[in-house]
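I've put the structures underneath this note.
First chain A sits with chain B, and in the next complex the same chain sits with chain C.
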Partner chain A sequence: MKSIKIENLTKYYGNTQALNDVSLDIETGKIYGLLGRNGAGKTTLINLVTDKIFPTSGKVLIDGEDVSGNDKVLGRIYYMMEKNLFPDYMKVKESFKWTHEFYPGFDMEYAHVLSKKFGLSIDKKIKSLSTGYCTIFKAVTALASNAPLMIFDEPVLGLDANHRDLFYKELLANYTKEAKTMILSTHLIEEVADVLEEAIIIKDGRIILKKSVEDLLEGAYTVSGEITKVDEYVSSRKYTGAEIMGKFKSVTVLEEVKKRDMASINELGLDTGKVELQKLFIALTNV
Partner chain B sequence: MKLDLNGEKAIYLQIASSIEDDILKNIFEEEQQVMSTTEISVNFKINPATAAKGINLLVNEGILYKKRGVGMFVAQGAKNKILIKRKEEFYHTYIISLIEEANKLGISKEEIMNMIERSKVK
Partner chain C sequence: MKKMLKIIRYQLSDTKKAIIIYYSILICIVLMFAYLRNSGTVSFGKGDGNRDFIGFSISTMIFLFVSGLNSFKVNFKFLQAHGISRTTQYKSSILTFALLTAFMACVSLISVNIINLLIPYQTLHNSIFPEGTLIQNFVWTFSAYFFCVTIGWFITMLYYRCGKLMKTLISLLPVFIIILLSVANNLTDGRSSVEILDLMRTGMGLKDGNSMTGALSFFMLSAVSLFFSYLLIRKAPLKD
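Coming up: the complex of A and B.
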């Protein structure tokens, strides 16, 4: 897979606009985070990329081909949905066989190895799986699909700390083994921040930002200290996310870290630090 | 190798300095193989591009070198290079911040000298 292009996608559900003229160029071979608040349009966007729903207007092109009704292209995308689409009576191992039918690259041996690592019993019926194990089942299937584009919607829903840790490790091992593109849509920003190469932030049906995580974090910093001193420092600067506790104030300054005025910061007796992706996200997506 | 993912310093810089520390402590010796980008990425759950950036920093400084198809190795003379670099940084990272903190606390030059005496510098 060489290119993923989203061109002027708009989607209405009745009178409600879920996506508003979204255009995106997704370079392949990276791990992306698709980040947005509830109802921002993340799932709508993914459903359109994977041809689960029809756009009101616009299109999605993969290697120049429209995904709409295109089984050849869709067979190269694996979408780990929040919903489980397999019939309840089906056993885990049977579902692996089904997936293999649709994804010829599906690696059965790897699926079994992963199941064992996560403690997922493949003889169980899908409906008997707990929330956590249902997520594990879907994640294992996605990783074993070997699709060149893997999209994960809330991939760690209901997983305990050990399983989340294992999931991220297996995801990275899979990614480094063979060049592919991964898109993770999640609310757990702090947890995935270091795993991502780029962040795509969606708000009210529009893409408000697409940037490498590193550039994002180098484009802001925090300043905190006595309230009047902080105000003095930020008076001529753009900032966001002010938090006040008594006489203490902390803000996120929207200025490159290398432009930070250390002399003033020291003179005013302020503390400064690295911004966290999650805090930046909250500041950027708050109304 | 130790990383502080919530720390102040960028992760790729931490990777580079942590490998340097391990070379100084003889955990990695010259001409010995160090961890791969993949190992670092999976172990610490960080993007491989970040890990590669840290490794490349050391490659550019001639501290590590790549053996095609095998992996990353500690270069001949790496330890000495790191020592020279670290000594240059010593003044900025330790002395300057020591003086700043001392000024904040009102510690005099004499008191600092006494403390250094007391701390048994070799």
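Coming up: the complex of A and C.
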């Protein structure tokens, strides 16, 4: 897979606009985070990319081919949906067998190894799985699919801290083993921050930012100290996310830190720090 | 094509259990009637002045209709999860239905001689068209079975695509039709129902005693329902 191109996607549900003229180029071989608040349009965008629903206008091209009704292209995408699309009466091991039929790259041995690691019983019926284990089942199937494009929608929903940690480790191991493109759509930004290479932020159906996480974090910093001094420092700067704790104030400055900034910071006796992706996300989506 | 074969295999394996249960029930019914007939509790069949048993063809039609009703939503979701396009799913489903109905039509024909050893039995085709050949019997049975499964598939797809209001209206449609027919019947002094019945008799080949006319009608009705099914599936969104 060489390229994923989203061209002027617009989606209406009745009179409600879920996506507004979204255009995006996704370079392959990276881990993306599709970040947005509830109802921002994340799932709608993914559903359109995977041909689960139809756009009001616009199209999605993968390697130059329209994804709509295209078996060849669709067969190279594995989408772990938030909802379960497998028949309830099917056993986990049967679902592995059928996924292997439709995704020839599906690694059965790896699926069994992952199931063991997560404590997922493959003899159980899907309907008997708890919310957490249903998520594990879907995640294991997705990871073992070996599809060149893997999309995860809320991949850690209902998982405990240990399983979430294990999932991120396995995700990275899978990614390192073979070059592929991964898109993670999640609310838990703090947890995925270390996994992501690129962040795509969606707000009110529009892409407001697409940047490497590294550049994104380098383009902002936090300043904290006495309220009056912080106010003095940020008076001529673009900032967001002000937090006041007693006499102290902390803000996120949305600029790259320069030498003369450091001089001012030292002069005013302020502290600086690296910004967290989650804080930056909150700042950007609250504007 | 390779993908289509896999889908057919999946869909057939999904129906396998239901078919086994269905035929097991039929076997039990045959054995039960054989026992009751031999013990003199019930009497039917030639020589007893009663009719032969024909219910199995009709029950197979009902089974296939219900199979059609059950074979859209779950399969659609499962195949959507596996990157299968709607068109491929549509084509594969038609082939699955053709194979399934051909198999069940064969079973219906082959089982006649076996069931006849136990109870007097004939297929629905033979009871309507006593002069029909074995091939005509197969074609007619196949066409009738195929129609039943495709109409079930179409109805379930129609319900899937419709909103709450449309679902209610569709559910009430048979009632509207019955009211409309009875009004038309009253207005025409009973001529409209005679005309409709006559049309149905002609379409089903009952008038000329040719089962192939009936088979052709079943195939045409199946083609119409499959055409509308295509219109419904080609833009079917994935929903709960």
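We take it that the second predicted complex is superposed on the first by the 283 of 287 C-alpha atoms of A that agree within 3 Å, B and C clash if a C-alpha of one lies under 4 Å from a C-alpha of the other, contacts with A are read in each partner's own complex, and residues count from 1 in each chain.
Please note the rule applied: a contact is a pair of C-beta atoms (placed from the backbone, for glycine too) under 8 Å apart; a residue touches a chain by one contact, two chains touch by 3 or more.
Quick caveat, the model's predicted, so the values are computed rather than measured.
> Could you check whether chain B and chain C clash or fit when both are placed on chain A?
When both complexes are placed onto chain A, chain B and chain C end up side by side without any clash.
> Tell me which of chain B and chain C touches more residues of chain A.
Counting residues of chain A touched by each partner, the higher count goes to C.
> Quick check on the superposed pair: does A:E214 touch chain B, chain C, both, or neither? Answer first, second, both or neither.
first
> Based on the superposed arrangement, let me know which partner A:K169 touches: chain B (first), chain C (second), both, or neither?
A:K169: touches chain B, not chain C.
> According to the stated criteria, A:Y103 is in contact with first (chain B), second (chain C), both, or neither; which is it?
second
> Roughly what angle, nearest 10 degrees, sits at the C-alpha centre of chain A between those of chain B and chain C?
Once the structures are overlaid on A, chain A sees chain B and chain C at 150 degrees.
> Looking at the overlay, does A:K274 come into contact with chain B only (first), chain C only (second), both, or neither?
Touch partner of A:K274: chain B, not chain C.
> Considering only the touch criterion stated at the top, classify A:I244 as touching first (chain B), second (chain C), both, or neither.
In the superposed model, A:I244 contacts neither chain B nor chain C.
> First (chain B), second (chain C), both or neither: which does A:A179 touch?
A:A179: touches no partner chain.
> Given the touch rule stated above, what does A:V195 touch, chain B (first), chain C (second), both, or neither?
Only chain B; A:V195 stays clear of chain C.
> Output check: A:L85 vs chain B and chain C. Expected answer is one of first, second, both, neither. What do you get?
After superposition on chain A, A:L85 lies in contact with chain C alone.
> Can you report the least C-alpha distance between chain B and chain C in the superposed arrangement, rounded to whole Å?
28
> Overlap of the chain B and chain C footprints on chain A, residue-wise?
none
> Help me check something: in the complex, which residues belonging to chain B touch chain A?
5, 7-8, 10-11, 37-38, 41-50, 100
> For chain A, which residues count as touching chain B in their complex?
Within the complex, chain A contacts chain B at residues 30-31, 165, 168-169, 172-173, 175-176, 194-197, 213-214, 217, 266, 273-274.
> For a test of understanding, state which residues of chain A touch chain C in their complex under the given definition.
Within the complex, chain A contacts chain C at residues 47, 50-54, 69-71, 74-79, 81, 83, 85-87, 98-99, 101-103.
> Considering only the defined contacts, which chain C positions touch chain A in the complex?
Checking each residue of chain C against chain A gives 3, 6, 9-10, 14, 74, 77-78, 80-88, 234-235, 237-238, 240.
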